[in-house]
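Common to both upcoming complexes is subunit A, partnered first by subunit B, then by subunit C.
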Partner chain A sequence: MKRIFVDYKKCLACKACETACAIEHHPGHSLLAALGDRKTQVNVRVLGIEHEAFPLSCRHCEPAECLNACPSGAITRDPETGAVLLNPALCKACAMCAMVCPFDAISFKHTHRAPFDRDVAYKCDLCNERIKEGGTPACVEACHSGALIYAEYDATRSSRAAKSLRTYLLGAEGMPPLLELFRELRRKEFARRSGGV
Partner chain B sequence: MDVTQKGHDKRSADPAAVEMLRIADREGYSTIWERHEKQQPQCGYGQLGTCCRICSMGPCRIDPFGEGPTRGVCGATADTIVARNLARMAAVGSSSHSDHGRKAALLLKEVADGTNTDYHITDPEKLLAVAAKLGIPTSGRSLPEIAGDVADTAINCFGHQGETPIVFAEKYMPKKRFQRLKELEETLYKATGAKTGFLPRGIDREAVDILHRTHFGCDHDPLSLVAQSVRCSLSDGWGGSLIATEMQDILLGTPTIKTVKANLGVLEAESVNVVVHGHEPILSAKVVEMAQSEACLKAAQAVGAKRVNVVGLCCTGNEVLLRQGVGMAGNESHSELAIMTGAVDAMVVDVQCIFPALADLASCFHTKFITTSEQAKIPGSMHIQFEEHHADAIATRIVTTAIEAFPNRNKGRVYIPQHTATAIVGFTVEEILKALGGTPQPLIDLIVNGTIKGVAGIVGCNNVKVQQDFFHKELTKELIKRDILVIGTGCWAIAAAKDGLMDLPAQELAGPGLKAVCKQLGIPPVLHMGSCVDCSRMLVLAGALADHLNVDVSDLPLVGSAPEWTTEKAVAIGTYFVGSGIPVHLWPVPPILGGPEVTKILTQDAKQVLGGWFFVEEDPVAAADQMEAIIQERRAALGI
Partner chain C sequence: MRVVTVGTGMAAAEFVQRLRLDGFDGEIVMCSDEDFAPYSPCVIPFYLAGEPLDTVYWKGKNFYDQYRVTARLGDPVVEVDAERNLVRTAAGRSETYDRLFYATGARSWYPRPDWLQTTGVFGFKTLTDMVAIDRYVRKQGITKAVVFGGGFIGVDAALALWHRGLEITLVHRNTRLLSQMTDEDGGQFATRKLAEKTGIKIRLKSTVEEITARNGQLASVRFSDGSTMETALLIVSIGVSPNSEPLRGDDKGVPSDPQMQAETGIYTAGDVAVTRHAVTGASGIYATYPNAMQQARTAARHLLHNDGAFSGSVNTNVLKKHIDFPIVSAGSFSGEAVTWQDGDIWRRVYLQDGKINGYIIIGDTRMSGYIYQLYLSRKRVDQTILKTLSAPQHDSYYRSMLGLGGSAMAMA
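For the complex of A and B:
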């Protein structure tokens, strides 16, 4: 089954994934409509952890703790895609799902999908409709640098492993040298600020 | 938010700032540091320089990992995009300095023809020196006549339309450097068949040239774009900034050596405090003058204040510090902290480096935040329009506004951190030469015999990505320890002043050679040369040394650094240093690493072509190592 993988070293924190997600999940399906709309939901957030950036969203765990914890049966799994889905009509915003989520990937808000004029839980739906039609999640499509990949785990694993081994065994070039420098300088910048001297 | 631990605060290395940040944390005031945290993580495309927003087919971003798009919609490569973005930064920086210089030149013209009577030719000696340098006849002519010609010559440099270099660059640039750039233009034309220029033809033109050539579908050659960035920056260093310095010296007086106090402790609990902030001294010098008037003193006393205390921040602060000896409240990162003391009755700003956040912050206090420039309006501020021909009246109105605010000051909220350092400032080229007996020869002798290994010019800002003043102080100390004389301007100079490095006891931190020289001359080992437009003073000093020895600047053991740079102006300064033959250290990294060719041009090829180049280093000691190595390499080449 395909999943979203994060190659975090490639994340440049441009947040194009956040924008694409907002547009995809907005009834207006446009940036103009989503802007300034309080009900706009963004299911992926690029978090800065010191010098690293990581686009965090629901990992669609199997088994999913949120699914097991939800007392109202709002969370289900689509057997075809593996997506863990949240039905806002059944959600009571009790936050059990959020509390057990190991990635803190569930938020609460009065979104466009909330049917009863109140906050509901919301999270990544893996763009379930898009992927069922053979597409990729909107965030993955928006990612320019290859930090977000939607693929079968095995294929991803072996291609990444082969690439790393080429560097390791053959001394082939890994990351472009100036990118290595950029990452190293950023690491130093953050280290000095957090460490003091 | 950050928590101070054992007196250490990762946000600032300044003790007054550390105290104020505790208050900011307690009261929840927004600061640059807090807003910077909220901006994390910041976009890597922007940091690498590979985001292009020039046309509406974009924005385009190049995947630096080489797996996604490697070209923009139009076909622009990463290097083209990086070079265009850099060129635009240089154009903006150069324009900011130069537009400042334009206003000073226009004012001198008005003073010369008698249409402005609020300002005067304060320094006739400087006027005559500038006229002589420009080849303007002086004998038997009145000062206004000469001033009119000097102003016309300066004004003409902005709008000059020919292909020949501007007069200021031609007359001020050391001969060998001018020749080298001219020959470089010829060599490149012959070798490539394509025209490339380095000598500035017109100050406004070189910036407009960049705006033109970076328009959709024009110049895509990284080398050509970098060359024009150098040319535009040289039009700043040997044009706009230089004109600003020279005109201001004539109008307001050439700074002389004086002793001042620096840091937030210059604010006075019992006085009306006016902070002047920004860059142009034409207004702030008047504010200082009017604040000292009998009428303002009486008005201040009438509301229960001791006096009107004008203090400076940022480069406006440097200008009035050097000329009028006012206290220096701090550098760029101190601007919010000053307001948080609750003791500032008015903060008066002109242009450049003014956080718009100051308006909101001032509204939490009785502080009047007063904008004055047509070019720098800030929502939430009080605007008192500055006009040169009503300068006295407007400056008086500003001071009066501050006096009227004083009774509203909540004394229970006032906290002025009691930190100040003594600083000996005002080391203009004129003052340095005077101290040396009228000729650069004694300095040259000291360098030749190795008592002083070389000279480092440090410039630049505060940058929230670096602990405030940390790099400035550590690098400076590290250099003087190695017998390298440190000169500089801008927010670096304020950092050094606040840290006591411009006071006589700092001689003890210098190496044995430099220490002995400083003791003999009675000067600190770290010299304050002015505001950031006064980086031109460093160029003029370098030029004087080069011409005296009949060598190029790139032969001299000189090196530059901008260790906490922030602004586009700093890009222009760094680039005109490099274009003048001086290697420049930078931190943080400029947005160029996404373009391997541009990076190579700036960090390697420039060394051969221009004799100056850029290098990046995050650690102050390692940066000093590299700077010393460059000085030693140049000394070896000179056989000294």
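For the complex of A and C:
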């Protein structure tokens, strides 16, 4: 089964993934519709920590703590894709899932998918409909720097583990020189702003 | 092989589903005192709050057909005869078994059972309760209610009826709501915020002493300070006791071994089962869904494959219902307290030997999963925990993974 992998050192923090996710999950399927709409749902977020940045979303764990904790039958796994899915029609926003998710991947909001007049839990759905039709998740498609890739889980893990740690962290093709330069500049800028070098 | 479950609750439904999904082809009989398909007690208050009844059937309304179950409903099991391998019901029916799954859950405990004979006084535990309350509120046009008991179930009841638009008075004996889930400070913070956010009137250090009826219907209640209040609806939710009498002869729960057996051939799980805590080792009833689910799966696996063991219960819980104001807690509230608060958010971790002994997180859930994992993994966190609790981006997990815990200079 395929999963989204994050080569975090390639992330430029452009947030194209967030934008693409918002559009993909908005009923209007357009940027103009999603902008300024309080019900817009973004299932991925780019987290900046010091000079690093990287996109975070659900890892579709196996076994999944959230799925085992959900008392309303709202969280299931698609046997075909392995995606952990959340059905807002059954979700009571009771937060049992969020209480045990190690990655803070589940949030609450009155989204467009909330059928009752209250918040529901929402999380990454791996763009399950897209990938079932042979496509890739919207965030991966939008990522231009190679920080997000959609690849076979076991094969990617083992091929990276078999090579050096550097390859494991950075992906098979390593770091393009321009990206190395970008990271160097970002590191120096962060150090300068925090009163360092 | 003939498998009988006493109870059709979440543990029993999980157990039966696991057996069938794992290829069990024998006969399965499920017995219950109620008349419903397996439902989620966590979900049923939302029916009262106005959401559709069908969402309570968390494994499907056609559960019994789907998993080829003979359902014996509306007739409580009153005796387990382990020598003859049979159970007897109140109506005089008996069912023989090769393996028994005893998961009868718990029932409301009433200080004055006679109050229930008055129309307008209800418990708040079963779907039968919810359907009765809903019908009563609709037919009588009820606009206000008194909820007696401010533990998890009482607060759930108060919030569900508040969400429906009723004016609520919540009466609680203790100095704070949710006194089992919180310490004094956290509980008072949560109580104050819940009152602010909902307008529910909360009477602490108070009880309902007496009720008066008019033509068999509730007219008013009298509180412990002598004052009275007119109301036609009283919810009594001050405690529960496990339904262990038919198997054990008392209401102290059903002790279990690591395979979830009460005795050879009799499994138990859920809110009636006494298990060991995964962290502290203390025996007790840990009545949450995730515990019940793991216990039921352990029993199903042992029945079919004769292997596996339950890893222990965890007393983690969250109350976030009908309002976006979660209250999360786990463990025990003793040791060195580390606290952080900002506006509506209040977080406290209790440390012992540098490890998390217990925690309370109020106002948001954003770091609760990470703290939960730190609690279970028994990691030393005394050097970092305050930073974790106060991190504005809730990024402590990722900082630790990247090795970016310290200063910028360390990385420069």
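Just so we're on the same page, the second predicted complex is superposed on the first by the 158 of 197 C-alpha atoms of A that agree within 3 Å, B and C clash if a C-alpha of one lies under 4 Å from a C-alpha of the other, contacts with A are read in each partner's own complex, and residues count from 1 in each chain.
Just so we're on the same page, a contact is a pair of C-beta atoms (placed from the backbone, for glycine too) under 8 Å apart; a residue touches a chain by one contact, two chains touch by 3 or more.
Computed from a predicted model, the values in this text were never measured in an experiment.
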item	value
Which of subunit B and subunit C A:176 touches, first, second, both or neither	first
Dominant toucher of subunit A (residue count), subunit B or subunit C	C
Contacts of A:98 with subunit B and subunit C, given as first, second, both or neither	second
Touched partner set for A:62, first subunit B, second subunit C, both or neither	neither
Which superposed partner A:80 touches (first subunit B, second subunit C, both, neither)	neither
First, second, both or neither for A:46, with subunit B first and subunit C second	first
Which superposed partner A:108 touches (first subunit B, second subunit C, both, neither)	second
Subunit B versus subunit C as contact partner of A:152, first or second or both or neither	neither
Touching partner for A:15 - first (subunit B), second (subunit C), both, neither	first
Touched partner set for A:194, first subunit B, second subunit C, both or neither	both
Interface residues of subunit A shared between complexes with subunit B and subunit C	47-48, 52, 194, 196-197
Residues of subunit C defined as touching subunit A within the complex	10, 40-43, 46, 50-51, 55, 58-59, 289-290, 293-294, 316-318, 320-322, 324, 326, 328, 365-370, 372-373, 393-395, 397-399, 402, 404, 408-409, 411-412
Residues on subunit A engaged by subunit C in the complex (per definition of touch)	8, 47-52, 54, 56, 65, 68-69, 71-73, 89-90, 92-96, 98-104, 106-108, 116, 118-119, 187, 190-191, 194, 196-197
Subunit A-touching residues of subunit B, taken from the complex the two chains share	8, 10, 40-45, 47-48, 51, 61, 63-69, 465-467, 470, 588-589, 593-594, 596, 599, 616, 618-619
Touch list for subunit A against partner subunit B, complex	10-15, 46-48, 52-53, 144-146, 175-176, 178-179, 181-182, 185-186, 188-189, 192-197
